[in-house]
Amino acid sequence: MTLKLLKEDGLKKLIEALNKADTRVVGPKRNKAGMVTYDDVNADTELELDEVIGRYSPKDAFFPQHETVMRYKLDGKDVHVKAETPVIKETVLLGVRPCDAAAMISLNKVFTWDYVDTLFTERQKKATIISLACNNADESCFCTSVGFAPDGTEGSDILLKKIKSGGYLAELITKEGEAFATTHKSIFENAPAKADTVAIAEPTKLDIDIDRIKSWLDDKEKSWEHPLWEQLAAKCVGCGGCTFVCPTCHCFDIVDEPYGDQGKRVKNWDGCQFDHFTLHASGHNPREHQPQRWRNRFSCKFKIYPDRFEKKGCVGCGRCIRVCPVNLDITEAMTEITQIAK
Amino acid sequence: MKIPYYPGCTLNTNAKDLQECAEFSAEALGFSMVEMPDWNCCGASLPLTANSAMGYAGPTNVLIGAKEEGQKEGLEDKLVTLCAVCYNVLKRTNYAFNKDAAKLDTINSLLESDYKGDTNVVHFLEVLRDDIGFDKVKESVSKELKGLKVAPYYGCFLLRPHEEVGLDDPYAPTIFEGLLKSLGCEVVDFSHKGECCGSYSAMSNAENAAECSFSVIDAAAAAGADVIATTCPLCQYNLDSKQAMMKKNHGDMKEMPIIYFTQLLSMALGKDIGKISFKSNSINPLPLLKEKGLV
Amino acid sequence: MSEEKVENKEVWTPRIIAYVCNWCTYGGADLAGTSRKTYDASVRVIKLPCTGRIDPLFLLKAFERGADSILVSGCHPGDCHYNTGNYHSRRRWTAFRDLLEFSGIDMRRIHFSWISAAEAVKWVDVVNDVSEKTKELGPYTEFQRINEKIKEYDGIFAEQG
Amino acid sequence: MESLQSKAKELIKDASVAVIIGYAAGTKKGKTKPFFAYSEEDCEKLIFTPECVNNLTIYLTRKFDFMKKGKVAIVAKGCDIKTINVLIQENQLKRDDVVILGVSCEGVVDKDVILDRAELTADLPEDKKSIKCITCDVNTPSDFDHLFGEGVESKAIEPMTGGIYDEVDKVRGMAQGEKWNFWMEHFERCIKCYACKKVCPLCYCDVCITEKNQPQWIETSAHERGNYAWNIKRAMDLSGRCTFCGECDRVCPAEIPLNLLNQEMAKLNYEAFDGYRAGYQTEEKPPFVSFKEDDDEGFIR
Amino acid sequence: MSRVGVFVCHCGTNISATVDVAKVAEEMKNQPGVVYTEDYKFMCSSPGQGKLKEIIDEHKLDSVVIAACSPHMHEKTFRNAAEAAGLNSFKVEMANIREQCSWVHPDKAEGTVKSLDLTKKMIEKVRLNEELDKIVMPVTKKALVIGGGIAGIQAALDIAAAGTEVIIVEKDVTLGGHMIQLSETFPTLDCSQCIMTPKMVEASLNPNITIYTYAEVEALDGYVGNFRARIRRKAKSVVEEDCTGCGICQEKCPKKVDNPFEMGHGKSKAIAVPFPQAVPNVPVIDRDSCIYYKTGKCRICEKVCGPKCIDFDQQDEIVNVDIGAIVVATGYDTMPLDRFGEYGYGKYKDVIDGLTFERMASAAGFTEGEMKRPSDGKTPETVVFIQCVGSRDESKGVSYCSKICCMYSAKQTMLYKHKVHHGKAHVFYMDIRAGGKNYEEFVRRAIEEDDANYIRGRVSRVYEKGDKLIVKGADTLSGRPVTIEADMVVLATAMTARKGADKLAQTLGISYDRYNFFSESHPKLRPVETNTAGIFLAGACQAPKDVPETVAQASAAASKVLGLLSQETLKREPITAEVNEANCIACFDCLNICPYGAITSKGITDRDGNIIKEVAEVNPGVCQGCGLCNAACRSKTIELRGFKDNQIYAEINSLAV
């Protein structure tokens, strides 16, 4: 793996270059409400690279919360239908965290599993992910407990590491990464033999064993009706915040929005924590209460994902913990189950 | 008990008798009236109905004064009056303010004050009834006025307009009667206790005023009264001093002494008759009182 | 529609949606007709049994569907065919107006009136006045812009709304 | 909170309630969590600190019947009890169905404020209090079955002034266009997660209007049109009902100032409908199901 | 996909002159769901309606839009026509392109554009219209009349005359009300008893009329056509059926009591009929004054009673009756006079009120019709009548005019003059209100023939002087104060609502005004109806009225009742609210906001009958279809048929630009 060096003004130059090339740059940026989200950046000064992690995941770049899939127009007795083919620009995800980068791989599995969702894959194809290793973690970070690392490389094309004296050490991970560096060779300079990088963050390592968790979940006899679900999740109000901030949650809903004699079919984020997510037309709801819905979310991360996509469903970003209004802490469940499953 | 007292123009002059006896009685009943400093005319002559700011400025100033004095000197939180007209004007001022905050604001801005319309205005009679109690008065009576037939005359100012002044039921009042009973005299009920003495037309049409006064005296006489007791300097003046003029039209009319209720009160409470001044009485009540064996 | 479009449109006519009750205002409008009083043609009447049936959502949706102004009209207090319908709606409107104003809606575009079945003249005056004012104000681009924005979200096809 | 725990145990012991809805220490610094105590040992986990921000009354609504397993006791701050009053007023709850363990409270922490242990014991500084606490006049609950914590003198306040209401007045003061842009900037961020409605104890409908597609009053997409409609509809539905527990504002991941909308409505109701304030009694009919013949109609011609 | 037919009417040239009807018809062809369009000269003409039926049948239309005049004009016409063709009448909508287009927009282009919009709008709506069936309700062919005065009796007689059963509930011990107390009635001076008594008897003999005296309506439920009333018959202590009305008990009863019927003047007994012609002529024991009920001794009446019908242990009896319609005729009270100290009522015996004068003037009254003043029985030489005592007096009384006082004061001056020829009557009045057939003439007669002295002004004071009453007042015409030495003063006191009228209104669920008079449904067009279907008003319980008006209104109410009860079943427009029970969360905003109390709470039970949840339920018999509940419902769980949210939405959406 090649190492390169980004000088202090490297990012500045890079963004200028990308702007020139009319490439979309998405990075951590403080919005009007003062929170950091991943949004279009036009200058390195906008970047908030010291923030532990953005409020939402950057998945929005590939899987927008709201997008039109087709439009229709009534014309007399006929209907004109036209599929949506949005213009998709070259995109660079700059300064996202390794966990988010890894999550993109998991997401890809979902959107290419049976039907290939070109709206997603196109965007992903045209994107280069330049992630930034974490130098600090907060109480909610737990990537190391689920097999990822603050400087993990999975999903990134290039991984940046902060150099004490300024600038970044760039690990070119994929050939796309290599290519990207070559395109911008003036910015990606040759790295010195030894660069003194800032210490990598060390999130608390929790007593969690995801394999044990999975095997417990596999044993439905034991796990399905276990009182644990209610003990933990009865307090859940079903706000769904966790699903919206989660980098691997991927559920969406398709609805028509009429406007006069025309309209569009839109694809909007949905979440398994909403009470109407599984409501049948009959009025019956197989997941009647919040604990069952939360059991589903949990199983999705630690059983369904591995089973179906041989991928981890949780990258330990901790967003769901930060955003939860009732302190429903997924790591609490994981540690407890790890115990139970002993 | 010390109560801020507002004399108004007449009490220190024409109606001194009323005031002196009141002060004596107060003393005897164990409370005192503290005359408030630099008071001004209540404005009786500037009718409130004209609704001019000036009409209210006067009384408001008095009301404020009383409150301040009361607070400064740690007196009762009320204002006592003896003159029915002052009582009427002051009460109606408060009423107007409580009805119409805007009015209060204008006056306050005019006087650069922040009066709330809450000075509690009471008449001497009310103090006797509510603070002292007629029973207590009865106990304190040293000389019962037995055999004296007294017609209690309220006049209009104490009773009307009822909702604004509201001392008592304008058609069946009892407070005055209550006091007189406690003094041991025989109270005569008569139809004109609340009628007007005519003072409003005293200047413009003396004849008519005299007629009004006469009808009052006549009714009292018909009901068998020896004497009419009044609370109001104006009434006293009209009923009393105009009797000569009345005689012209009603030859058969018998003179009737018009006496202040405080004069009777102080008598009963043992004030030496010699010390009671009857300056304001043109019809001297003394002969009658002698006849009744009260002197 | 965006402002530019309006400018190069030679004639723009305002779109005014009127929510009226069946018994009083609708009757008033009928009377205006039978007595051949002419007035501006930009108003479209939606008839409801009572102003009490008018849901705040109706007004919102009208703006969402491109209305430039809205008129709500019913029976004078005490005349309500259902006794108290208009009293209740009056309260609802009091709150809803305040909310719209607070959230930045242009209140010059929402009008309320009591028009009895006899007040044909008032109906005519009110409608003319509303369309007059609306013409002065021009199209409600400020709100319609959020219809515009939506198209931006959707990338291409903007022109097809 | 010794007494709270012992009273709780007592209630469980003599089976006068099946569950106590309260607070327990959270898993992260500065966090507490809603906690359901079914057993006496559970009761030992019950706490009350300035970090107990949640309005637990949401668990009294029907959708949580499944976890009640019998009669319920709830740990409630003065502000939470206002919600209980509205729930009673709106037939969602009978007073006898719940045992109120009232806690006197000098204020809870503002969102994102994390206290050091030291601060927890000391008086909470104003600048760290949730904004709803600035204008709170129910520090000692109005209605309760048992009261805990040394009685805090409820502040005498001039209703609808100070705290959030100053901010409300700021917005009121803006020009129309200003207001519009102000709100559009905020609504633009709405991600339609509906956390605001999910956490609101007064959004107890079985089927929310947002879940109805025929007709589609509220568009599902998170674009300004849909977002505006949703936030307005929500504020309107809470008008005359919202008790300012501030939960919606607290949980909004997009940081939309929902308190502003709700409290504007509260203020309007106070001003327009004879000083009506939701949650202060259970008898009086709420403004929208009652009227006065002489209600103001200055805006109607 | 629906099959809509659109018919555009020319209305002669009324529409076609300023709307391009052909274009409208043509363009609507393209609307989704439209299978047929046509423009036609006169849709409402019988050929037009014929065509409508044909096309419905031929093109299997499932909905129809008629673009023509206002629905207020012809909606019924077309709905009936469509129904005749087998289409549900609620699948027909009208687009108002005449009153709202052709007649008001002279510019043909504009008018046409608008017509297109309006027609399209109604097409969108009608496609979502549901087939609705008229609501059919049974009718109980029996009426209840509350109050046995002239109003109640008249209403009952008229209803009974049509062969319909009717129940009169009177809270007093006899029929007759106030009218039977009156001496002679204006403007004809015929004796009240002579015209009232026969009616009372007629009512008591009529087989279709059941009379409960000494009884009150305690509760009412149900709705138009199907009410159930709970009536409490208070214990009379006399077995009504057995009593012969011989009157011996009253004669022998040792306990004298004041006679309320004589306004407290003449005496009566503890067991008595208020007056000889009482109907039913059955005495009642007044348990508060009867010696036996006080001391446990006496029972003289029991001993002397031939048929042995005294029953001291008699209990109140509850009767439940099912009725289809109700007439409320509870009459009026007169204003208490204690607040008018200036007139000295209660203080001076010879200051009396109008009703007392009526008794004094009545041949059967406490003076056998002779003019004797109460204090000393002297014949009053001078009588002063004061009008508007409490009426038209915001500050002390009521702001309304009691309407009858001008007339009865005039009448009373006449009665007085006819009995005391040398006497003098003075009347203080504010205005003379003598609107009515022969009323003005009547007043003039009082003034000119019976030389009553009318003084326009108020009385400030009445006081006693010797055996005279001094009346001081103002003559505002001459601008002078007047003083009259009178022997008797008669006060024309204001008419007020019955004491407890508000309670009754709440029991019946009808509305009442700030004076507790019952409110009519519409001041001009529905003066006898209340807002509660099936309940009607007669007489002074609605507002002050004189006898002729009362009788007229009573007959009007009766005809309303008969109109209602003549139907086998009641059909009502099905435009009513309906609840989606699955979604209702029972916050009951709808219940609280409904002006008709049409919404109640209902328990949903599981198989074992345990209530699992509570929901709102609409009573279609009571619901009037205003839609308040629909707008109030946060989750749109209660909706108004015919104006459901999706229908309104479709209309708005169709207008999108």
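Letters are used for the chains, namely A, B, C, D and E, taken in the order the chains are written, and counting of residues starts over at 1 for each.
As a convention for this text, a residue touches a chain if its C-beta (ideal position, glycine included) is under 8 Å from a C-beta of that chain, and two chains touch if they have at least 3 such contacts.
Because the structure is predicted, anything quoted here is derived from the model rather than measured.
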Chain groups still in contact once chain E is set aside, others held in place: A, C, D | B
| item | value |
| --- | --- |
| Chain at maximum distance from chain B, centres defined as averaged CA atoms | A |
| Pair joined by the larger number of C-beta contacts - C-E, D-E | C-E |
| Rounded Å distance between chain B and chain E, as computed from the means of their C-alpha atoms | 54 |
| Where chain C and chain D are represented by their mean Cα positions, the distance between them in whole Å | 35 |
| Chain B-chain C separation of Cα centroids, rounded to whole Å | 67 |
| Euclidean distance of C-alpha centroids - chain B vs chain D, Å | 62 |
| Multi-chain contact sites of chain D, meaning residues that touch two or more partners | 216-217, 221, 223, 288-289 |
| Residues of chain E touching at least two other chains | 582, 593, 632, 645, 648-649, 653, 655-657 |
| Multi-partner residues of chain C (each touching 2 or more other chains) | 57, 61, 65, 84, 88, 92, 147, 153 |
| Interface residues, chain D side, partner chain E - complex | 62, 90-92, 204-209, 212, 214-217, 237, 285-286, 288-290 |
| Of all residues in chain C, those that touch chain D in their complex | 56-57, 60-61, 64, 77-78, 84, 87-88, 90-107, 111-114, 126, 142, 146-147, 149-150, 153 |
| Chain A partner contacts - residues on chain D that touch it in the complex | 26-29, 31-36, 54, 58-59, 63-64, 66-67, 185-186, 189, 191-195, 198-199, 211, 213, 216, 219-223, 247, 250-251, 253-256 |
| Chain E partner contacts - residues on chain A that touch it in the complex | 74, 76-77, 258-261, 283 |
| In the complex with chain E, residue positions of chain C that touch it | 1, 15, 17, 26-27, 29-30, 32-34, 36-39, 41, 44-50, 52-55, 57-58, 61-62, 65-67, 81-85, 88-89, 92, 124 |
